[in-house]
Amino acid sequence: MSSPVDLRVSIAGLELRNPVMTASGTFASGKEYSDFVDLSRLGALVTKGVSLTPWAGNESPRMAETPSGMLNSIGLQNPGVESFVEVDLAWLAAQDVPVIVNVSGHSIDEYRAVAERLESEDAVSALEVNISCPNVDAGGMAFGTDCAQAAEVTAAVRRVTRKPVIVKLSPNVTDVAAIARSVEAEGADAVSLVNTLLGMAIDAHAFKPKLGRVVGGLSGPAIKPVALRMVWQVARAVSIPVIGMGGIMSGEDAVEFMLAGATAVAVGTANFVDPTATIRVIDGIAGFCRAHGIARAADLIGALRVG
Amino acid sequence: MSSPVDLRVSIAGLELRNPVMTASGTFASGKEYSDFVDLSRLGALVTKGVSLTPWAGNESPRMAETPSGMLNSIGLQNPGVESFVEVDLAWLAAQDVPVIVNVSGHSIDEYRAVAERLESEDAVSALEVNISCPNVDAGGMAFGTDCAQAAEVTAAVRRVTRKPVIVKLSPNVTDVAAIARSVEAEGADAVSLVNTLLGMAIDAHAFKPKLGRVVGGLSGPAIKPVALRMVWQVARAVSIPVIGMGGIMSGEDAVEFMLAGATAVAVGTANFVDPTATIRVIDGIAGFCRAHGIARAADLIGALRVG
Amino acid sequence: MTSSDFTTSTERPLLERVSVIANDRVLSGVSLVALHAPRVAATARPGNFVHLRITDRTDVLLRRPFSVHRATGDTVELLYQVLGPGTRLMAEMRVGDETDIIGPLGRGFSAPEDLAHALVVAGGLGAAPLGMLAERLSARGTAVTVALGAPNAERLVARETFESVARRVEVATDDGSAGHHGYVTELVERLIAEDTPGMVYACGPEPMSRTVAEIASAAGVRCEVSLERLMACGVGACLTCVVQTTEGLRRACKEGPVFDAAEVLW
Amino acid sequence: MTSSDFTTSTERPLLERVSVIANDRVLSGVSLVALHAPRVAATARPGNFVHLRITDRTDVLLRRPFSVHRATGDTVELLYQVLGPGTRLMAEMRVGDETDIIGPLGRGFSAPEDLAHALVVAGGLGAAPLGMLAERLSARGTAVTVALGAPNAERLVARETFESVARRVEVATDDGSAGHHGYVTELVERLIAEDTPGMVYACGPEPMSRTVAEIASAAGVRCEVSLERLMACGVGACLTCVVQTTEGLRRACKEGPVFDAAEVLW
């Protein structure tokens, strides 16, 4: 399925085959989906969030389907960075795909410690600092909803790594552009957005919340309009590259994010619906470019004609 | 269709037949929908936003359909309060339904002036102060995304009216509970939420935004999880009644909002899908109560069993 | 039963439960659906539209507006082009499927009782509302000339309908595969000159309607155009569908979709 | 082709395009869909499930997991209860409709080669995965006793399937309309005492499985249970479906849905 269209894009010196990544937490470390997807076709693989120590995550039920979306309250369950390096990273190192590790923390120290531990790992191409998880009490979203704290986390990670630092932003804020500027100022090489919108679902007949944790993160097509708007706002507010995500199901969806200003995109919930979604999106972008006589996918970035 | 269930609820001394209102801007002043709905069955009728002077609204296209939702960028087009009183209110006065007027302004003075003009109108049962419209540049959402400004608008309106003051909150904020507390502190009798989420849609093949104004307000089932979460947060943060809305299509949806803490609900986008949606929701709430042996709909308020 | 002036609709719009009687492709990408809708059929006037609930899926949330192409007996016919998600689902409707429509909606065409001769200009799917207009006009004795335009011969929509009721039908195709080789608007000037009508009615792509309006006004003939706007409510409540006119912003679903061309600020 | 120990699935899960061969109601609110799915049919083991794409509607976004009830030749059968939006749409699938499934998924039941006698306990739809288990066990010579429970006689699911392959089938109904008047768990103790099996397999409401597990462990018989959790990905990537076990959190879609009852922290 190789195409004459040049799909390459680059983010903070990282050369990607194409603009399509996996969205953190929806693709684990790729092993499960390697039954369906040739990982070497991906622009990059973004891992599930990794913390310093093992996290147990939240109580069940951990998901609820909503109109054109889903809520999840996984809560960053992960075995901790040591186990991640030994098991997941060892496996990933043998795969021909750039690996971006999604970094979580309950505290600035924990973010820094995870980044430090990964610094010596050549299999790690970049770090995505998740300051926007709505599913953990300490840390997580708290850091992503306040400019000063977002800046602090970014600076702390920046100090200990030479790898590209991508900061993942929360949509649950009044002014996402301000947060983006504050992390850019502290040396973030790129920003990715959106993480999930904080939501809730209720089983009326049971008089109970559908999620064990009551609230969770909304993802999927339902949030695409909000995600597109935020990517558009942020792309105009910062000069670092933007990685766009939120409800991308098709190549056309991905193109919309690129037109709004995204240099790359990530596919999340769509993987659950179609395990080959990432490949469909890559081929869809190529097909769109061909249909419109566009030679390089990079030419789509910010090409929206406004007014 | 009278039912043995007692559907009455009261908001700031306003006795409502049932908890179901129309969502501002989706029902005009009721005349158009009176072809399909017996207005006297509604808990209350909330009018389209009314400003001091006539507003022209935004350029077309003014809407775009999205997965399980829609974007609108009407921009509070309205003939101004004088014409509203002469034409719409005169007609409404003859209908047997409590009228809540949705008040808009570009400035605190304009909000106050509209409230002053309506104070002497007996046909007006309450004011809903819209500090959350994402579709106007000056005023609108600006007032709803900052605690101090939200408080100021509330205080200004409070000073000039003896009618119940409902403040309509924006979901496009980091901490909706904080905004709710700040308007409660300035004498708001109730809060209503959510207004629309700021979103965007792109026609990829045309390389253009789908809305003339580029961004618009997202409504419909897609936003229900976010709306429910915010109603739940606000209901626990304030002691004044909460009017919940956002994607309500059925009686069960309405019950979910009441369980989360809403005293009343509003039906918006659903009217476009089914002009009799408000009636279906009223009957649906009654049916739910009957099925669960609940004598008074008011018993549903905040009855969610958590943990 | 047609009243002399179609626009004076005696009835208010209603929500009617309907069932699909037929839904067939008339040409590639264009189908005709016949709905059993006795109440709307009885009150619809030329130029009115219905707001159709296509599905109960919330991922295709809103109704879609369609002009009444024909209303005979208990049946309302809609002529539609398959464009996006809504009309794609519409094309999948099977005979017997049930749904509902709101209608009749909007201001239809006006037709002075003494109108002796009318020129009807249809571009592509613009033929949809004009089919019923031509029928009702000739039924009450107005001579009807039709100018029908399309990209090519295959895409001339509802030609038979027009030929069965019009005194004269002239066609134009962009590729010359039928009739005049060029835009339908190029026929209009000549047709007006040869036999000046009392009214010109136009529906099609907005640039076409606008050009027809200009030719008509130059010839001093009154012209009505049917305009399309995205519509959410369809009943006049949401202000999604406004049109700029000399009278200010007007709702296409209420004061329109048919407008006096002289009032439209193109 | 059954291997001696069912769990050693030689194949990896795959995404297979399937078509509906049959989709019929077996009792009120319960249907059986037969899918033409040769590749999954060939590799599915008792206890495996498939993740079914029911619709392309995004308002019912996610796949739904269903145990393989039977896998014969090119056909995979799913026995399902109509509960919510997904299974309601599933019940509307017509013969010839196409969709896709991911499968076979999950860890199935284990069955020691020398297993002489097995007790299979099914509550309601728990019969779904156990039908295939009973078949394959008896096919390779293990004597199977089945204890089948339901609210009433009408709701005894897949009774015929079990009777055709099991040495003995005992039923229990809450209302006594068939077999033992009471819970199926009340049969288990006696059945184990009368003729102690080498393994007990249970699937049904979690309280039932738990009780069965307790009775089995008291009798010193190894017990496997098939558990249900909400599942998003179905392939082990999202951690939606975790189960608390003595080994820590385990994914029902990967390390399960079949678990050694002794490891489950109920």
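Per-chain residue numbering starts at 1, and chain names A, B, C and D are given in the order in which the chains are listed.
By definition in this document, a residue touches a chain if its C-beta (ideal position, glycine included) is under 8 Å from a C-beta of that chain, and two chains touch if they have at least 3 such contacts.
All values derive from a computational prediction rather than experimental measurement.
Trainee: State the pair with the higher C-beta contact count; candidates are A-D and B-D.
Mentor: Looking at A-D and B-D side by side, A-D shows more C-beta contacts.
Trainee: Of all chains present, which has the mean Cα position farthest from that of chain A?
Mentor: C
Trainee: Would you kindly tell me how far, in whole Å, the mean C-alpha position of chain D lies from that of chain C?
Mentor: 57
Trainee: Chain A to chain D: how many Å between their CA centres?
Mentor: 36
Trainee: Just curious, how far off is chain C from chain A if you go by their C-alpha centres, in Å?
Mentor: Roughly 48 Å separates the two chain centres.
Trainee: So which bits of chain D are touching at least two other chains?
Mentor: In chain D, residues 58-59 touch at least two other chains, as defined above.
Trainee: Show the residues in chain A shared as contacts by 2 or more other chains, in ascending order.
Mentor: 67-69, 220-221
Trainee: Touch graph of the chains shown: is it line, ring, star, complete or other?
Mentor: complete
Trainee: Spell out the part of chain A that touches chain C in their complex, as residue ranges.
Mentor: Where chain A meets chain C, its residues are 67-68, 221.
Trainee: Mind pulling up the chain B residues that touch chain C in the complex?
Mentor: Contact set of chain B toward chain C: 25-28, 32-33, 35-36, 48, 56-57, 60-65, 67-70, 72, 74, 77, 220-221, 249, 269, 271-276.
Trainee: Mind pulling up the chain D residues that touch chain C in the complex?
Mentor: Against chain C, chain D makes touches at 57-59.
Trainee: Provide the residue numbers of chain B that touch chain A in the complex, in ascending order.
Mentor: The touching residues are 66-69, 71, 145-146, 172-175, 197-202, 204-209, 214-215, 218, 220-226, 228-229, 232, 247, 252, 255-256, 259-260, 288, 292, 303-307.
Trainee: Which bits of chain D are touching chain A when the two form their complex?
Mentor: 12-15, 53, 58-63, 102, 229-230, 232-242, 249, 254
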